[in-house]
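Read from first to last, the chains carry the letters A, B, C and D; within each, the first residue is number 1.
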């Protein structure tokens, strides 16, 4: 995968977030503060713009630029968390003399690093009803696909459906991190907005891949 | 009529105002500030109490006590206006060595004095959409009945129906006094709350008279 | 409509108990319904008394203190106080140099203050009155009770209060008060009606896109119903109405006032437009207030009040004041 | 829900334009979203910076000025500001003696201020942070993000601000701030949800007799839903929750805070009950605030914050302050 693929990915995320903006906001209204849709729309819109303004030459630099843009434009909890995810993913792809192509295995490693960044910063574990509940199974699915020697399309579809299943699995959970935790038991019965947006991010990998093929 | 009659009258006004409190307030909500029912309920309730606490010996003193109580307890526009009406009516019945019985003619003169007090204080003329639009025709009807040598019952019924007709006639008027005047043309289409309460006051003369008979 | 009260009957008394507990600088009689400075009248100083229906908080009780009112008498919700309260307030304000009544132009307030003035004059207190009537939404003509007193009341109380604190005579304090009123105009807009505790229902109903232009402060509807617009247009409507009545120029004291249930962030949005549009009309916002000063219970909306300043008025506005709702310089 | 705005997108910027026009003592960058004292940093003084989502006005920008904050950075509505704003605010506050961040305990605020602190530390600015977490409605446990920061933020900003103004070191200002937080507890009640400009609909729905107990300040529902009661009972519920978490005694600084659409008259009714019931629990209300200080847009409701005072904290509370929303002594 090259910077063109990753640029398509980010654009696809921005499109999906814009399309699902109201749903994300409504999920956040139920157990948070009703800004998740606006937050990510602002952030990924800015990221698309940043990539257009000054297209990075290498995949690592590209993801770092996306991460930095999210951090500097989103705010809230999701800004630093997703920002760190992309920044750490970019860092894992190397910081100097970077390759212009990354393999599926590279990407899996990068996203693992991104996930680690999120859990380091937010200290959420799976089951806490956060984006991690979609992020972690998606990364695992990607890693499994790599081990099994799967192709990109197959790997991305596995990751996307794992993320989606992870997001849906947050519905019955009682939140232990983020704003939803203030509700205690009342947080059960609602999908976590960050997990829902994370599923969109992984779904966008498939779209970017199709655009590629 | 003696102090017993007048005491019944005031009690009858208090009962009517309490029963019609919400209607008066709603009339006032439409073109004023939604307090006329509460204002008069407070005032006439206090007047009944004042008469019970320290029953005046003469009709003039009784009406003056009612007027003073209204002034000191109602507030708003209607407090000074109705208070003055009763105070001036009481004054017209004499202030020392008062008779313990007043004739229908005395009462008509007293209420004329009360009306004069209201127009002096508030400078409203008939047609301005105020209590005067019920008060003035009621006093005229009383005076006519006196001239015609009518009995009390007949006189009171004439006054009461004149007041009621006067109140109803305020509906299409555009207010030129009081809060309703702020609405300009929008005040048309609503009965004036003070005219409505004035109709209750004259209707209570009939009830007091029936209680007497 | 839910309200934080114990009962509709006790709301004014209960609020005065709260005022008393919160402000040791005030002497509050929750049952008699008077509020005055805890130090009593200032000998030799002209006393300032105001009052009116409750429901406009912080007006008037929140403006009792050094540099502003000496005493206030709050009536029932939206109902003028009674003369007895005013007489008590006058006694608490009378330092021997006369007392000025600041009266908002409503029939009830006018009549009750007149009765009180008569009673106090009989007791030998020199009484003067100023009628505040700044609301341009009402045509001041033979066919109305005249313009209502609204936002300018705060300006009159502050500036006349400073004059009185500075030792001016009753005639001079009265003149200053009248001048502030003459130089001030207001216009208000409601996005929703208010609900009195006694009635429990809004005094009028507005749809999702309806507003009332030219509202008063007693839950009464306004000059006309209109459709919702953005802050910029609403500011223009208010300023046009003011400007039409009193051509604007020079330095101004400007208040963007919340009606009781308007978030401060929205008042600042309105103020941004008001200030910008005044600049466009050649008026400099020399002094300003943004916040809830003359409210109408839980009405949503705002009013704009503009007072054209001169040097004297500016100096008096800047003079120290120490009240629950307005404080600077000490 | 109608709002006095130009557009949902520009509301924060527009409000900051208004803040700028109204308060010459502030330097406001409406686009960059920072507010600081117009005089710039005070050399040798510890700088105080706070910030958080908008929608809580006057928090925080209304508390910038002498004796309180040096700079504030307002985020989008209910959204923590971004590190870049905080870095700019830090520069505007840095008088060379270090800068204290006053951070309300929300994941977003915490993370963004952490990132900003790292960036500023890299630039050689000494940064300390205090986490405000006074809201007893949230159990502080491993199973939550910890208690929320609400009303006590005002107390921390005022008292730490006074310490900084008095020349205390960064360590000392931080200690004072932590002490205020440790001695403060809050509990909030909503009669209605709020509506963000972007969504246009209330974040939750309450029936005519329903309330939320233990609400936060971001439109989130509370600890539990309950039925409406009178002010006396609501005050008791709030004080019980506070007392259970921090046994109350001695002198207290007490705030009855409106959530944005609560009329002042109702806040005074609540304060009357709070003061009376505190007296019944042997607590003396030594200092108080009644009004809108930490709001949640157009939410109806109130919060009670109690801070147990000692002599030092009382002295620092009484020290002069000159900000748009809190002012005395100058």
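Here is the rule we go by: contacts are C-beta pairs under 8 Å (C-beta built on N, C-alpha and C of every residue); 3 or more make two chains touch, one makes a residue touch a chain.
Note that the structure is a prediction, hence the values are computed from the model and not measured.
The chain with its Cα centre farthest from the Cα centre of chain A is B. Per-chain Cα centroids separate chain A from chain C by 55 Å.
With centres defined as mean CA coordinates, chain D is found 29 Å away from chain C.
Chain A and chain B have CA centres that are 76 Å apart. All chain pairs that touch, listed by label, are A-D, B-C, C-D. By the touch rule above, chain D contacts chain C in their complex via residues 2-7, 11-12, 14-22, 54-55, 57-58, 62, 191-192, 208-209, 211, 228, 230-232, 234, 256, 260-273, 275-276, 285, 288, 290, 292, 295, 297-298, 300-302, 322, 327-330.
Residues of chain D touching chain A in their complex: 53, 75-84, 106-108, 111-112, 114-115, 137-139, 142-145, 148, 196, 198-199, 203-204, 216, 218-221, 223-224.
Remark: chain B residues 25, 29, 31-35, 38-39, 42, 71-81, 121-122, 174, 176-179, 181-184, 186 touch chain C in the complex.
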